[in-house]
Amino acid sequence: MSKLSALGGEAAGAAVESRPFPWQDRPAGCDEVVWRHSENPIIPRSPFPGVQGIYNSAVVPFGEGYIGVFRTEKRTRFPLLHVGRSPNGLEWEIDPEPIEFANFESAPNHYAYDPRVVEIEGTYYISWCGGHNGPTISMASTQDFQTFERLENAFLPFNRNGVLFPRKINGKYFLLSRPSDNGHTPFGDIYVSQSPDMTHWGVHRWVMGRGGDEVGQWWQRTKIGAGPIPIETPDGWLMIYHGVIDTCNGFVYSMGAALLDLDEPWRVLHRTDQHLLTPEAEYEVSGHVPNVVFPCAALVDEPTGRLAIYYGAADTCSCVCYAKLDELIEFTKNHSAVF
Amino acid sequence: MSKLSALGGEAAGAAVESRPFPWQDRPAGCDEVVWRHSENPIIPRSPFPGVQGIYNSAVVPFGEGYIGVFRTEKRTRFPLLHVGRSPNGLEWEIDPEPIEFANFESAPNHYAYDPRVVEIEGTYYISWCGGHNGPTISMASTQDFQTFERLENAFLPFNRNGVLFPRKINGKYFLLSRPSDNGHTPFGDIYVSQSPDMTHWGVHRWVMGRGGDEVGQWWQRTKIGAGPIPIETPDGWLMIYHGVIDTCNGFVYSMGAALLDLDEPWRVLHRTDQHLLTPEAEYEVSGHVPNVVFPCAALVDEPTGRLAIYYGAADTCSCVCYAKLDELIEFTKNHSAVF
Amino acid sequence: MSKLSALGGEAAGAAVESRPFPWQDRPAGCDEVVWRHSENPIIPRSPFPGVQGIYNSAVVPFGEGYIGVFRTEKRTRFPLLHVGRSPNGLEWEIDPEPIEFANFESAPNHYAYDPRVVEIEGTYYISWCGGHNGPTISMASTQDFQTFERLENAFLPFNRNGVLFPRKINGKYFLLSRPSDNGHTPFGDIYVSQSPDMTHWGVHRWVMGRGGDEVGQWWQRTKIGAGPIPIETPDGWLMIYHGVIDTCNGFVYSMGAALLDLDEPWRVLHRTDQHLLTPEAEYEVSGHVPNVVFPCAALVDEPTGRLAIYYGAADTCSCVCYAKLDELIEFTKNHSAVF
Amino acid sequence: MSKLSALGGEAAGAAVESRPFPWQDRPAGCDEVVWRHSENPIIPRSPFPGVQGIYNSAVVPFGEGYIGVFRTEKRTRFPLLHVGRSPNGLEWEIDPEPIEFANFESAPNHYAYDPRVVEIEGTYYISWCGGHNGPTISMASTQDFQTFERLENAFLPFNRNGVLFPRKINGKYFLLSRPSDNGHTPFGDIYVSQSPDMTHWGVHRWVMGRGGDEVGQWWQRTKIGAGPIPIETPDGWLMIYHGVIDTCNGFVYSMGAALLDLDEPWRVLHRTDQHLLTPEAEYEVSGHVPNVVFPCAALVDEPTGRLAIYYGAADTCSCVCYAKLDELIEFTKNHSAVF
Amino acid sequence: MSKLSALGGEAAGAAVESRPFPWQDRPAGCDEVVWRHSENPIIPRSPFPGVQGIYNSAVVPFGEGYIGVFRTEKRTRFPLLHVGRSPNGLEWEIDPEPIEFANFESAPNHYAYDPRVVEIEGTYYISWCGGHNGPTISMASTQDFQTFERLENAFLPFNRNGVLFPRKINGKYFLLSRPSDNGHTPFGDIYVSQSPDMTHWGVHRWVMGRGGDEVGQWWQRTKIGAGPIPIETPDGWLMIYHGVIDTCNGFVYSMGAALLDLDEPWRVLHRTDQHLLTPEAEYEVSGHVPNVVFPCAALVDEPTGRLAIYYGAADTCSCVCYAKLDELIEFTKNHSAVF
Amino acid sequence: MSKLSALGGEAAGAAVESRPFPWQDRPAGCDEVVWRHSENPIIPRSPFPGVQGIYNSAVVPFGEGYIGVFRTEKRTRFPLLHVGRSPNGLEWEIDPEPIEFANFESAPNHYAYDPRVVEIEGTYYISWCGGHNGPTISMASTQDFQTFERLENAFLPFNRNGVLFPRKINGKYFLLSRPSDNGHTPFGDIYVSQSPDMTHWGVHRWVMGRGGDEVGQWWQRTKIGAGPIPIETPDGWLMIYHGVIDTCNGFVYSMGAALLDLDEPWRVLHRTDQHLLTPEAEYEVSGHVPNVVFPCAALVDEPTGRLAIYYGAADTCSCVCYAKLDELIEFTKNHSAVF
């Protein structure tokens, strides 16, 4: 069996032993598979002077602690990527200036939002939604989170929620994405694409679609999109994703999970017929975009199977929720509707 | 004069005397016609494990207490009907499983929301919005809330807010409804239809329309829909209804009232030119669908004229508000704009 | 076997023998199942002073010739129903004044379009799309096409293309219709409803839906609607209908056919996977509404199996096309896709 | 240099000396240019019986205190203008009845919202969004806030956010406005028009447009509209305005500022590339229209340069925020993007 | 009685006597009030190399013949105004280059379409739809059609179909217009505004609205717009206008007429309940925009009462139709529905 | 200099000498750069029994004559690809059955429209718009037009108008495309992508955008898309493309041209500020989709510089127009607006 790839700490540094894992046990009386960090949001609204919000961001283990790439909106509301560092995954210092890419002349300052980060074979890759006369999947790499190389965009517009797999499969990189349109797209399925070189992509496959009017599809009937880097398990790739329903007063974003075939990840083995987390806390229900739970990253503590999921709330602040990996997989298998 | 039919307790059991009426007196300093229960919501958000919300539901007196049919959404967000029981109309136990209909093969599990319940001649009828390749008015009957018979849908799609009158009028059943489209309908008037047998419906009449740009119409200018079972009074059928206005950030649902002719209920005698309740409490303003007050049932305490109105709040939780029947009728007559 | 009900001449008068059937043989070199009358349109654009168009109309045998109810638009473009008479089904005299209904006070002059006519047990019934604060299925009856009785609307708004079956089935009247919205509806399926008395309708069943992205569904993927009165055959009810596809420049209406179960007409036995007629003649492609072929009536010559189908073209003029009943049934069975 | 016209107290009365200025010093630890009044909202939701909200309103110094014109919505939700009075600019008494205009027969009671008030040469002018078969800029004048003269509408529909300059420029009145459509307009730029007589308007000039996808334009990319009466300064007219971004769950209204040329006010000298205030307080984020900060008036304390800005929050309540005039001008010049 | 102002020949030159009037008698067998020129279109599609169409244009008597301002679209499809000259009103020479305005720096080449021309007190005024960050009413004047002075835009965007009255009324210029939005506006009423100086406009009045679902309103239920310069008659100002209905395949533009009060032209005395001309000729039904009849100018032969109406057809070519003034007025009075 | 690659006859066979080139000289009196074949359409509406239309198709020289891939719609209106053969490029025989792909299991029969064909290094590549839960760019190859190999889709949905360059550039294949949405996309720019292997694509670059409100952009302001295979010339790649404008009655598709840099084809050197051909012939103006001119292929006669352009008309039939290559290049350079 493969190791849990999202962890990846040993590739990047030495001090894994001493790195504290962000965690809170399930509260007494709670019988949910996923539960919230009690001090949410961990990065509140307006966390720094001139910054209106940090959310929908990605973290990875790094060195003796954690590092991340954060969607940061100053008062211009223009989203850019900033590096953040934390000793424990909960308290974060965010660089006041956005990431700069030395090698790429085009649109050096254009919008960049909803980043994901993954380490593959010793290099960290960042994928995000970037502007190219329309939103699409932009990419960059770094070794040290100090120097960043801008890679080519993976796709033509219009696309969002590009998420890399944490290792090559059959010798190729794999990238999930959600083709969309140039607005607040009211539809969207998840596809997967392959690349030999992180530059050219092809062999596109449809993975799974948004729901319809059936029982297990209602909460995700408008669109879906991959969230954190998929987590390799003996039961398949665990893909945590968001599902959206449109109400008469707007979209509601919830969190679900699916298990994808390890070798042919466009084959869905299981898929939760219900959400795991939906906007219920005040900081999820109210904010710049009410009713949004948007997972973008997950940490796995391999020895214990503890799982910390990072999600943006209400396009306003950053939050964490927890699960046990084995429980989550079991739940996904037992409450599954594949369609 | 007819009795107040929504009460109907004597038909269903014996113990009316001992049944407590849900009630709180008007708070000191309040001069509103309708006031909120101070412990709202009576069924809060996520009331049970795996249930995200119970709202827009209907209750009737039954036996020594009360019984109801509740729109219940588990984590799938798929709405189904569950029976609930209460000794006092305020504390409710909800069946964990949805109502099943033994006699009807089609769509046994399809969506069912916004139920109303009424007792007519010893039988309890449930009407709700059900799926038939589009939302329409579904119907069922029961004697005991244990065995349920699925009746034919009253109408073709697309329709919502089907509300029966509590007795036959000139020998026929009467059913209010709000024809709509297959989405978040941005228009809608109230019609009434007649049936000799609860299966075939006809003699459709337009009752009243949504408002326009005039003073008394602004709060209900997008669409309207009947709420609780109409209450028979010497001044006509008291129809409590919801009126909707669309803002740049979505619909706002408020509560109004009208008095309809007792024999020809498509004739509107009076209609409030203003709302009686609009989203102002935190649990009405924030939730899965912000800014919704949606009345679906009312209890009348005949000897005292006390009125308890059940309404869903923000498509998230269940609430109660109170009024005095005579005051409400007087208010409707004194603040009326019929158009 | 039952007789072909749409004929029905013998019920209404004596002179069936002498009545000429409108007909042209299939042109040499043509191998289509359906072919156009060579002198189309039989009622051209602006046929009379002050009348801009007559189209989407219905005819039946009557007396020694034919009679019909015609959607007639004067220069107001307001559609109303006019009676027309013809000795041969091809040359028509249209009454200059619309039909008046003596017994019905409401909306005496409101819009009325796309009529169908059928004789059932000696009475002629007219169904059409009429206004009731929105379009719905209106009904009337006559014995002699001189005095007309307005019946109740069959349904609540919003509905179009109400088409009666030509006899009772299991003791009830049956009515096809296409629920819609209050505009240029971009969706729509066919349902069937039942009535014991032509006034109250229920037991609604979904018959068949619009198409999707599959081969046999593309031409009818936006909406569908029943056309002429269904024709009873040993192979089932032959329902000629229109199917619509939306292009970037508007809707295109074509003609298809289906065979429905004789006793349970909501069961589709066969359904053409392709259109039988699509706008190709200049008078179908250009006009007030370009690219419309809209069948509303059909005559069957029982002894010979000849079929004359009346259709409106481009919302501008009235046309006829022909088929052999046995060939059409065979074609429908051999090129069928039921979905 | 001209005096700061929005003050204008000496024209209207005597007691300027004793008039307290509404003010709170910047809180400790706050480094924002604009900060909120700590007791916001100053007029809360449902402030009076039968009144659901007062917001988006305008105040001016008057006599020994302040006077204002308030958008007041009773339970009809129909907006009308009411006069309010305050000794200190923070505690307000609102007339229970709306302003009446004796001299104008048309639409005496039609809707009136989002007023602005300015004193020019001893007369107070009110401009607001009024109905004329569509929203447009309505006008009135008064000397004493007891008798009001209705003037002609400045423009044809459809228009909103009409804001007068506080003095003539080159002998003409100047009026900012935001042409729109007849709904929840998803676009809109600011123009300025001129008049010799407050009745006829022309010489229209485009002032500035909504933003696009650039850094300093994102927060205001849907539409913009002038707010308080422009404040004359040596650096140009200080125009505080609102900028709107549309999210998937609705519009978000923030506050920005621009400096316009004193003689040719359609020339933009500076314009904040970021918002100065965005919905973050609970009363701004939640309400009848969530996420709205809508400035309509500002008071300047000339000797000290203190600035009190009145704004509506969430279309529900009235609030105040503060700034130092010199700081705000400096900030606008230093964080400027003109486009 | 006033003279028929649209003629105006005597003001502009000498040779009125010898000027032939464009005319064809009503064809035999025709009993319409308005009939087409038999050689339509008078300016066909692609009339000159590199010009794709000339349409929706305006003509006036001038010198010994006629002169006009023509919407001319070269292969860029960008509409500009060109002068045209004709000896007889039917054969036209069009200047190859567009009109240039020497005195106005802004947008010298911006789009200009649907011009109207009128002579008032010896000066010719041109009004058209011009771009000012959105379409609005632009204006210019000339004495000789060789030198043109650009005047200020009459209105803010968004507006179309600006039509001047041919003389001052009570000392003021009057201008009809149709406020709209920034796209293919699906609504629109006619207003009238006043000006003392052709620069500043005010005292706006609603004249008449688009139709609804009533008989005489159906053909004009989407929007309406004034056409030729109003013609003064003893029965009021004869305003020929276009009315639009939207079908599922686009808009259909027809021609109607109204009589407005001579002194208070916002008072509608009569208004045709039906169209006078609707797209029926091939050149009206097919073209760049199918189904458009768009009148922009009319000539009156005062001695005989003959009327020649110029209209664009299908946004492709220029046409003429004829009427007798007395017949048209009589028809308008006898087939009138004012709403 | 490179040869004109679209010709490519010598790679595929021997008989180039005897192959007649489809051609008609410019008609007398015509001074257009592009002129129509006088016998258009070369494949008319309903060319074969059961086929409603063949259009938007591609041809190449092959053997002694020509071969092509044709969008063929039978009565299902479902578009599929059929091979056609012609001795002279004008008279065509079309295979009655669609192309089958032996090696590809997925969606063997799914829709396929608007093909382009190009020969590169001895292999013929077909690109078209195919269904993959939404339209995207599908690909196949053949040597002989008898056996076809299905390649991987080049892109994720949603995309249309994929057009290959006729040779590798700097060792890579280049593919033009127009990202779109899942409907009748009302926007769209042209991009170019690169591939080392015809399977994986990347290094995407924006080439040129749709127009705006400027003179040379109006006719193409809604969307644009590449047409025939680009033609290599000393002045750059000649890209013939379609530009679309939306009118109130639908889209109008016209033909334009651009010259792209030979080595960096995302650099636009020249671009016609006007269309070269717009719907004016009856078969372009009327049809299943009125007002469409849609070029998909071009043949170049290298010795003479004659150019035959194949285009679909009105989504109904196939047509040809002609130009001289040198004149077209000169025209493009002299009437250019790059934006």
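A, B, C, D, E and F are the chain letters, set down in written order, and residue numbers restart from 1 in every chain.
The working rule: a residue touches a chain if its C-beta (ideal position, glycine included) is under 8 Å from a C-beta of that chain, and two chains touch if they have at least 3 such contacts.
Values in this document were obtained by computation on a predicted structure and should not be read as measured data.
**Q** Find the geometric centre of each of subunit A and subunit B from their Cα atoms only, then give the gap between the two centres in Å, rounded to an integer.
**A** About 42 Å separates the centre of subunit A from that of subunit B.
**Q** Using Cα averages as centroids, what's the distance between subunit A and subunit C in whole Å?
**A** Centres of subunit A and subunit C (C-alpha means) sit 55 Å apart.
**Q** For subunit A and subunit E, what's the span in angstrom between their mean Cα positions?
**A** Distance between chain centres: 60 Å.
**Q** Can you list the residues of subunit F that touch 2 or more other chains?
**A** Within subunit F, residues 249-250, 286, 290-291 contact more than one other chain.
**Q** Looking at which chains touch which, would you call it a line, ring, star, complete or other?
**A** The chain contacts form none of line, ring, star or complete graph.
**Q** Could you list each pair of chains that touch, in label order?
**A** A-B, A-D, A-F, B-C, B-D, C-E, C-F, D-E, E-F
**Q** What residues of subunit B sit close enough to touch subunit C in their complex?
**A** 132-134, 136, 152-159, 177, 179, 181-182, 187, 189, 191, 193-197, 199-204, 206, 209
**Q** Name, in rising order, each residue of subunit A that touches subunit D in their complex.
**A** Touching subunit D from subunit A are residues 45-46, 49-50, 52, 74-78, 109-111, 131, 184, 249-251, 286-292, 315.
**Q** In the complex formed with subunit C, which residues of subunit E make contact?
**A** It comes out as residues 31-32, 213-216, 218-219, 245-250, 252, 254, 273-276, 278-280, 282, 285-286, 290-291.
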